[in-house]
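Shared chain: chain A. Partners: chain B in the first complex, chain C in the second.
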Partner chain A sequence: MSPSLRKNLFIAFLVAPAFVILIGVVVYPFVYNVVLSFSNMNLRHIRDWEIVGLRNYVKVFTEPSQPDFYVIFIKTVVWTVVNLFFHVVIGVFLALVLNQKEIRGKGIFRTVLVLPWAVPQLIVALTWRGMFNYEYGSINQIMTRLGLPAVEWLRGPTEAFIAVIITNVWLGFPFMMVIALGALQSIPHDLYEAADIDGASWYHKLRNITIPLIKPVMVPAITLGTIWTFNNLNIIWLVSNAGEPSDSTHILVSFVYKAAFNFYRYGYGAALSMVIFFILLAFSLVFMRRTKAADAVY
Partner chain B sequence: MRYGLPIRPLFLLLAAAVSLSGCGGPKDDRVRITIWHQDRPDVRDVLQKQLDRFMALHPEVKVEQLFKETEELRSGFIIAAIAGQGPEIVYGPSDQVGPFQVMDIILPLDSLFDRTFLDQFTPKALTYYKGRLYKIADKMGNHLTLVYNKKLVPVPPRTEAELVAMGKALTKDTNGDGKVDQYGLTWNYTEPFFFIPFMTGFGGWIMDEEDRPTLNTAGTVNGLKFIKALRDEHRIIPNEADYNIADALFKDGHAGMIINGDWSWAGYQKAGLDIGVAPLPKITSTGLWCGTMVSPKGFSINANITEEKKRWAVELIRYLTSEENQMEATRTLFTMPTNRNVIRSGFVQNNEILRNSQIQIDNGQPMPVVPELRAIWDAMRPSYQAVLAGSRSPEQAATDMQLQALQRIREMNE
Partner chain C sequence: MPKPTFKRNLRVTASYAVLVLFCLIAVYPVSQVLTVSLRPADRLLSTSLEIIPANATLDNYINLFTRTDFLRWMGNSVLVTLTVTLTGVALASTAGYGFSRFAFVGKKAALQSMLVTQMFPATMLLLPMYIMLVKLGLINSYLGIMIMYSATALPFCVWQMKGYYDTIPSSLEEAGRIDGCSQFQTFTKIILPLASPALVITALFSFMSSWTEYVVAAQILQDTALWTLPIGLKSFESNMSTEWGLYGAASMIVTVPVVVLFLSLSKYLVSGLTLGSVKG
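Presenting the complex of A and B:
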């Protein structure tokens, strides 16, 4: 056996288990989902389903549902953009603060700030739900003590949507903070010293050194964050109690969950999840290309 | 760099792992039966005791119970059973029967249990669908009642007018800070399941005999108006209350009465409350009691079960639904039994809670088992909540509920 063949065989041997698992847990379910999306699988046709063409896809875009697909889509975009904006701004800001040499007890601050990320989402969601209660929730109690009017967080559609966003912002910023902190610590300090010699202000250092150098790390993190937030079923489902009030806090993924698992519309749910997949795929490709995330910095 | 060398140690490692995997102790060749259920911890404890006794009687069988949250149990069982897997026995309320039967994932039980055995149960305990038996219940109920704190409410109200009057007397600001500290009544009033008593009290019901929704009725409209008035006009219920908030308010003595199900009583007693259970009040204008949905809770068998396991599943269901085990559950949990002898027993007949529970069951209507029920809940929820949010009139909400229900049923059945 030639050395190169042995080398390739060994590589194949090492990769094989991961490859088999990948086929089992990613490729097969994905292909199955694609097939289902063209089928009429539902409560009445769960074993005898058949391919019905594009019918489910047509329904996704045209079926008069309540709430409407386009309304949910816009809400999903708002949900994702607002969440990501705050995740990144708060995360990077805290990372910049924690990266200062002068700060004492960094370890404690870091641990405390990572806590939201470490607590199980279920507990976070249910705790926030309690905190948003009109009469007994701590948020309204604090607001009224400050002289602000109490808000019916979980009763009004807009307020409930803001409530789920607040919860998810709290839950999501530690991830961005940890990533940004790692990136900041990898920036060579002599770049800042050189900038100091040139008389650069903190803003110029931020704009010309910090941001460009953390970008290669932050762009993939933001892409991941977008996909996670876009698909974050747990928070919506638990804080707003499955889309309450009146199905007004749904995002696409909670809507799919409801269609597939509450109404047994598996074919329709599969088609809708394919639409979500293509939206996220298109976003990721465009975002990565526009931000040149894969390009070298140095 | 050489890549050839590490292959042999890797194989050895794999071989060692494979051979060692068999060294985990003596092989357990008992027949394994798994039950999925959605019961609370105290029910699980009673069940475990009974399972332990069953396993002591039959050492060749190992029975495991696994708790699943209601929705997870339903969707998880569907997914598992369609794939030819899943637990041998699934336990829960009767509304699972419709979808499970349509999907052909549970077995008809009438050929597995003899008539003498089935005759020991009250007829409501046996859930038939399309002429076949699919569930045998050991508990009746899942029904809502008026639970009251005897310290605050010595005698429970019998009519809605008494309820309002009592509620007004109980609702107070005890510390003078301008906020209500004690409410007359509370319950999870955002959930349509808890709306049913008011709908039926005003003469409505969710579907007709042919399983078509009947939501656009005076019963719905007046029920909605009544609940809204309790909050906005009489102000005897909290401004906002989901299940957990309502439960906590009652447990902490901040509410005199709560509308809650049979599953909650043991918890309130454990929390040290001296509770009474009463039927939900009668609506004076209609002369009807606020009746709730009543559902038997029981056992169904997975359609994928093997013949050997089927024999044991039948034996286990016989054992768990037996007179002595039902009596044990009734005494510990205050749940309504389904065995005729236990129902006639002195304990059930003389216990105030169980007696009133039986009255509420008699005032109620069986929960429909058809899959369409899910579409009806989902059609009711948004409009019901919109009425409570003040963004829709009760009349409009009733119309919307009906239209939505029809559409959802059409979508489900297409």
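Presenting the complex of A and C:
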């Protein structure tokens, strides 16, 4: 066997299994989803379906559904931005606090603070749902004991949406904290010492050393976090119990899950999935390009 | 210089206060699960805020094992999770190495399309897979769900492994080759052991994603006998009457192994996750 053949066989041994699985379970269903999105398939037409052109896409944007696409889209953006904002701010803040050299017991603090990430999302969601219960939930118990009025967390559309966001903020800050901690530890200490000699304030050190140096690690994490949050089905679905009250707490991904699996609208669901995918693709391309352009400045 | 010391003490005290506050916020919801699981049956809907309730009892745990299918669900989950984790680690560790060290046709396209799959909404693959499985008569089979779990976690795991391998200098392999190792041996004997932090993280993510996955399983496994833990757990929580006690006990049993595993491996999280992305 010639060395180059040997090498190629080795490469094939390494990557072929993953390729086969990905083609079978990712590429093929993806193509099938594209076909579905142009078809009239639903529960009644599961075998005798036919291609109907762009009808499903037109429906996505124009169907007078309750709630309609644009409202859900705006909600999804609000959901994503608010969550990411708190994830990053709390995560980076805790990492900065934890990374100070005077702090003892770093390991213990870090372990406890990572807890929300470690708990399975399903249990997080159902537990917070219990905590938001009007009569027995501990959130209202605590609020009334502090002299605040009890809130109907899961009955009003706005309250339910806030409840879902609180749950997801709790769940998501440890990821950003861990990433930020890793990035902070890679910053050479002499940079800060040099800044101290120059008499720089903590704000200047943060602005001119810390932020630029953790940025290359945070930008991919934020991109990934945005995608995960935009597509986070678990928390919305389980905390609001499939969009309650009366389908007012949906984001796009829970809305399409409901259309596909509760209302058996397969063609429509496939088309809406494509739309969500393209929104995220466009966002990621623009965001990565803009932040990379910003990198060159430093 | 008394002033800077005072300022420093203030800052350190405030830092501890912040950390303790956030630790309480992190722990409180978890403590709720424990509380609910220990409540006696007649006091499930209590307005008390105690962590360990008055007349705490293990009845809920006993009921869980004697009156429900919990043990069977657990067996199902163990089977699915083990298979998925082993497959995931095997595929990601080899493919990641291939992507890190060798040039081949379609490499860049494959890496980019794996990133793109992260943007698929859950329904994008689930819906076509579901319809295909219905048509093939494979609904209510573990094969379908195992393949789906392995494949959905795979792109992230391959990227993660590739990123870590990239940080291991290739001079190590050259040295190994000079000492007479084959390509395969340099990979298994030199590189894999060095990549163990990343392997651990990959295994952890594969484990977590299938041990606690609900939305896919809920569509594919409809027969109660095949249910995995998350579906069983959710069945205690229904609109009409939530079995809070059973739910709490089951949650504790599902959560504890994950949390223990996750927290004991958390020291790897920082290096395993970020080393790959830090490289220039």
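Keep in mind that, in the parts below, the second predicted complex is superposed on the first by the 280 of 298 C-alpha atoms of A that agree within 3 Å, B and C clash if a C-alpha of one lies under 4 Å from a C-alpha of the other, contacts with A are read in each partner's own complex, and residues count from 1 in each chain.
In the analysis below, contacts are C-beta pairs under 8 Å (C-beta built on N, C-alpha and C of every residue); 3 or more make two chains touch, one makes a residue touch a chain.
No experiment lies behind these values; they were computed from the predicted model shown.
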{"item": "Simultaneous placement of chain C and chain B on chain A, clash or fit", "value": "clash"}
{"item": "First, second, both or neither for A:V15, with chain B first and chain C second", "value": "second"}
{"item": "Touched partner set for A:T127, first chain B, second chain C, both or neither", "value": "second"}
{"item": "Touching partner for A:F69 - first (chain B), second (chain C), both, neither", "value": "neither"}
{"item": "Touched partner set for A:W79, first chain B, second chain C, both or neither", "value": "neither"}
{"item": "Touched partner set for A:K7, first chain B, second chain C, both or neither", "value": "both"}
{"item": "Touching partner for A:N241 - first (chain B), second (chain C), both, neither", "value": "both"}
{"item": "Partner chain(s) touched by A:F261 [first = chain B, second = chain C, both, neither]", "value": "both"}
{"item": "Partner chain in contact with A:L43 - chain B first, chain C second, else both or neither", "value": "first"}
{"item": "Chain B versus chain C as contact partner of A:E135, first or second or both or neither", "value": "both"}
{"item": "If touched residues of chain A are counted for chain B and for chain C, the larger one", "value": "C"}
{"item": "Segment of chain B intruding into chain C (one of 74-82, 146-154, 254-262 or 344-352)", "value": "74-82"}
{"item": "Chain A residues contacted in one complex by chain B, in the other by chain C", "value": "6-7, 10-11, 13, 46-47, 126, 129-130, 135-136, 241, 261"}
{"item": "Contact footprint of chain C on chain A as seen in their complex", "value": "6-8, 10-11, 13-15, 17-19, 21-22, 24-26, 29-30, 32-33, 36, 41, 46-47, 90, 94, 97-98, 100, 102-103, 107, 109-124, 126-131, 135-136, 138, 141-142, 145, 170, 174, 178-179, 181-183, 185-186, 216-217, 220-221, 224, 227, 231, 233-234, 237-238, 241, 252-253, 256-257, 260-261, 266, 269-270, 272-274, 276-277, 280-281, 284"}
{"item": "Residues of chain C defined as touching chain A within the complex", "value": "8, 11-12, 15-16, 18-19, 22-23, 25-27, 29-30, 32-33, 36, 45-47, 49, 90-92, 94-95, 97-99, 102, 104, 110, 114, 116-132, 134-135, 147-148, 150-151, 154-155, 158, 183-184, 208, 211-212, 214-215, 219, 230, 233-234, 237, 239, 242, 244, 247, 251, 254-255, 258-259, 262-263, 266-267, 269-271, 273-275, 277-278"}
{"item": "Chain B - residues contacting chain A, complex", "value": "3-4, 6-7, 10, 71, 75, 78, 82, 99, 102-104, 179-180, 190, 238-240, 242, 244-245, 371, 374-375, 378, 381-383, 385-386, 388-389, 391, 404, 407-408, 411-414"}
{"item": "Contact set on chain A toward chain B in their complex", "value": "3, 6-7, 10-11, 13, 40, 42-44, 46-47, 63-64, 66, 126, 129-130, 133-136, 152, 154-157, 241, 244-248, 258, 261-265, 268"}
